[in-house]
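Here's the structure we're looking at; comments come further down.
The first chain written gets the first letter, and so on, giving A, B and C; residue counts start at 1 in each chain.
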Amino acid sequence: MREITYSQALNEALRVCLAEDERVVLLGEDIGCYGGIFQVTKGLQEEFGPKRVVDTPISEAGFVGASVGAALTGMRPITEIMFIDFTTVCMDMIINQMAKMNYMFGGKGCVPMVLRINIGAGRGTAAQHSQSFHSVFMHTPGLYVAVPSTPYDAKGLLIEAIKNDNPVVFVEHKRLYNTTGSVPEEGYQIPFGQADVKREGKDATIVATHALVLSALEAAQEAAKNGIELEVIDPRTLTPLDKDTILDSVKKTGRLLIADEDNKTCGVAAEISALVAEEALDYLKAPILRNCSPDTPVPFSPPLEKAYIFGKEELMESVNRLMEYA
Amino acid sequence: MATEVVIPMLGITIETGIIVEWLKNEGDPVEKGESIFVVEADKVTTEVEAPASGILAKIILPAGEKVPVLTIVAIITEPGEEIPEEYLRAGAVTTEAAPALVTPEPAVAPGGPSVDSRASRSLKIVPAARKLAQEKGLDIEALTGTGPDGAIICRDVEGALAVPLEPEAKISTMASRLAEKEGASLTGIKGTGVRGRIMTADVTEAIEEAQRPQLGKMIPMDTMRQVIARRISESAFSAPHVYFFTDIHMDQLLIYRKEILPDFEAKFGQRPSVNDFLIKAVSLNILDFPMLNATIRDEKIHILPEVNVCLAVALPNGLIAPAIVNADRAGLADIVKQRTDLVQRAHSDNLSIEELERGTFTISSLAQYDISYFTAIINPPQSAILSVGKTRDELYLNDGRVQSEKVATFGLSVDHRIIDGTLAAAFLQSLKLKLENPTFTFMHL
Amino acid sequence: MKLSKEKLLALYRTMQTIRLFEDRIVNLYASGSVPGLAHLCIGQEAVAAGVCATLREDDFITCNHRSHGHVIAKGADLRPMMAELFGRKTGYCKGKGGSMHIADMEVGILGANGIAGGGLPIAVGAAWSAKWRETDQVTACFFGDGASNNGTFHESLNLASLHKLPVIFVCENNLYGISLCQTKHQVITDIATRATSYDMPGIIIDGNDVQNVYQEATKAVKRARASEGPTLMECKTYRWRGHHEGDPNQGERYRTKDEIKNWMEKCPITRLSQKIVREKVASKKKIEAIDSEIIEAIEAAVDFAEESEFPTIEDMYQDVYVNERKSQ
């Protein structure tokens, strides 16, 4: 199978959906002739025209709200917000409108739209362009949230997101856009609510999101040299969350590490910890550990930003700590 | 016995070594302390000495191959000894003592992403361990934690239970069950099964070994031993014991037994033992001397209504004495049946308390040992006990002729608070008469 | 523009339905049958009636928290509407939305919105949707003077005119946000002037003259359907009651009794009914007959609501997500 990048995989997904369903339209800043800030929408405006691939003014509330209105009335918009940080500008449209319509209107406010955003630090883009508060969307009832870590998962989940009738917040990751992986040429869908066990093991479980899935796999390779077999679980979607796969794994290994780039307090890892403590307490052979970003805004200075981002080394520290309870 | 020759530990940082040269050949005799090969590790060469004298029976690792320390490289056998099979297989084998060479990174938080160290500070016991302890009825307070910050972790509970939970436990299911049942510890048991798997025989051997008194060994008193100790002390200290002995000629009884044996066995399917006759005779004797069937309660002498004679049975852990009910009225066949059943169930730990406590008189026999006679301690709350020594051949002068007769010394211990010397003597004398005249005695059958 | 008899009577009926419905809510709210919040539009009926009379059933509206009038004018059924206000299972939103979130997709009501300015972008989206789907549906968006200061107002007008979207922005300028009067929350007097910033027509309308509203709305709708772009209609009007039921406005906290009295004299319904009778479009009796029918319908709605069950705890967990594929 050929190997393509994460952003190419997303591009293919968008192309497939634009081609198959005329209700699909794209909105976002600089997604047209520029091809999107991370080149995800490259070539799409040429192919499908400016009517369907729309460059919007800097009016997040305006065009995200418009996406909601369009979705309510028969369209399937895929709207891009340049960085997750900018969702704050249109939070009302996401939290109060997009997420709630179906519920508030007694099941009649179907909003089949996709909001594409990206997270992650590491490019020196500083505090307002590097955050990862995707837990806010996991926290909001009514929204589906996808967090693909590989090109294969990205394409399959995006196509599913567009076809699904729920409003989806599709969370991509800056540092993953250029990673490569095997991706089928045709369109395919990965259902929401299905985690992927990226590596099996019996000694400890790592539940990781996005770039940390790759770090977890690196850690697993290193741990294996010392005879420690790690199980790496990629939830792929935060809502719906595949609780069963996570719980089964914890019941098997008894040791859990959760790695997520959100700030530690009240992040995705906090939720999964609570979940496991509630439903699998008796199986725990060690405390649940979390590797998350520190509770600070993202610093600019390169050594600080480097310390802010974590990866294999930090995960290994946690793994070793877990194995002290062996 | 074969001795393993290994690459020795060469320093705390050295993990591997290479044999540079063998100084001896396979088959050569070696002396303990003699240099037999040269090893190189970290650019330093060292001569390694033989750990035992004997024959360098097999060189397992030739020179030139880099191996971890403690790898077995040769076997020294005693002259004429065969090389144990396990060393004849190809491939280097590491001794079981090889430590796991894993050093986890010290946790250093750079002030950045935090490894949560708060969690274990107040963690006394991890949830899985707590659950296991509760299920198995272990007192958590009594456990020592070996996890971080003294937390009790699964292996601490498992260790206390001595039944490892990991699925790859190197112990067979049957052995595991046996260990659990007997409350045996599995630590230090050497498995004789495939790849060191602990088998039932290993556990049995370990249990017996544990119970075998040895010099310097500390054996905790189990429940049974504690009970015996307490009761025996009670009896010895509260009942003033007086002892009486007599030699009883067993010839007639033995002949009598031999005579009835085939017909008895044919009819009842069982063989009466000498003890069965003793039980019957004693119970008949008690009818003539009821005071020996008594017990003291609240300063009153209760002469018990039933004659339930106990036979002391020796078990690995101690003595137990179940009672045959109404022995005075029971036919010999019934006595044999009861006795057989009770003894069997005594050995399989299947007696009820009632079967022990209903006894009114006890017979304790060491006849199968070279014991002439002995002073038995009364089985409380009874008042008398009969001890039986070994039947021996002795020369007697009968009517001017020297004859060999079978004689056994019987002892009677009585509680002097209620049984006086003359009564005891009379009882014993009467019993002697009964046993020496079996035909008349056992007419009561 | 001369309106036909049918049209006038229809306008009357719509306005009176709104008025009598809102009147009924006053005491239902006071007695506790309608829980939560109620934002009544008594005095502003002409705007809703006049605009919605120009729309088709397949046109869309978005509206705000004070939307009983807009929703009734667009064709909502009184019974599920009342039931929704009562929080019953049989309400438009199964009791889970309440007064501020009435929606009826079948008649193009895309939901009342509790966020000031929240409905503008959604209306833009609905209009855009029509353009994408190449239909001639139009969308009317109702909002107040307060919302005209919100970022979404500017973003929405800009997007709409940029893409020439078929949306009519209807600003009901009732001179007050909650308690802040217009002179204290913006420098301009006529919100319609903001239209020039977005290169669209901005019309000032007497919001209590239903015919005026109707006329201007007709023009705006025609323009929109012809793909000529959006219009901003500013309807000057006034609400007689407080911002919400229970607002101490009535006690003159931020408005004077005189001011209220003056505006009540400009009652849009009285104006129309007097005109109808005066110009012999219909008799007084006819007017009264219409009134009776309306009252009967409202009472039937109240009965329906009172007899309906509340949703269960299990119902609370429904409709958070869409479980079956509605369309592929």
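Keep this in mind: a residue touches a chain if its C-beta (ideal position, glycine included) is under 8 Å from a C-beta of that chain, and two chains touch if they have at least 3 such contacts.
Only a predicted model underlies this, so the values are computations on that prediction, with no experimental measurement involved.
Set against one another, A-B and A-C show the most C-beta pairs in contact at A-C. The chain closest to the protein's centre is A, with centres computed as averages of CA atoms.
One simple way to say how far apart two chains are is to compare their mean CA positions; for chain B and chain C this gives 94 Å. One inter-chain figure worth recording: chain A and chain B are separated by 64 Å, centre to centre, where each centre is the mean of the chain's CA atoms. If each chain is reduced to the centroid of its CA atoms, chain A and chain C end up 40 Å from each other.
Residue positions of chain B touching 2 or more other chains: none. Chain C contributes residues 60, 62, 91-97, 101, 103-105, 110-111, 113-115, 118, 120-130, 132-133, 137, 139, 151-152, 155-156, 158-159, 162-163, 318-322, 324-328 to its touches with chain A in the complex. Interface of chain A with chain C (complex): residues 23, 25, 51-52, 54, 56-57, 59, 61-75, 77, 92-93, 96-97, 101-110, 112, 141-142, 144, 163-166, 240. Those residues of chain A lying in contact with chain B across their complex are 226-227, 254, 264, 281-294, 307-308, 310, 313-314, 316-318, 320-321, 323-326.
On the chain B side of its complex with chain A, the touching residues are 100, 102, 104-105, 107-108, 110-117, 119-120, 123, 126-131, 147-148, 151, 153-155.
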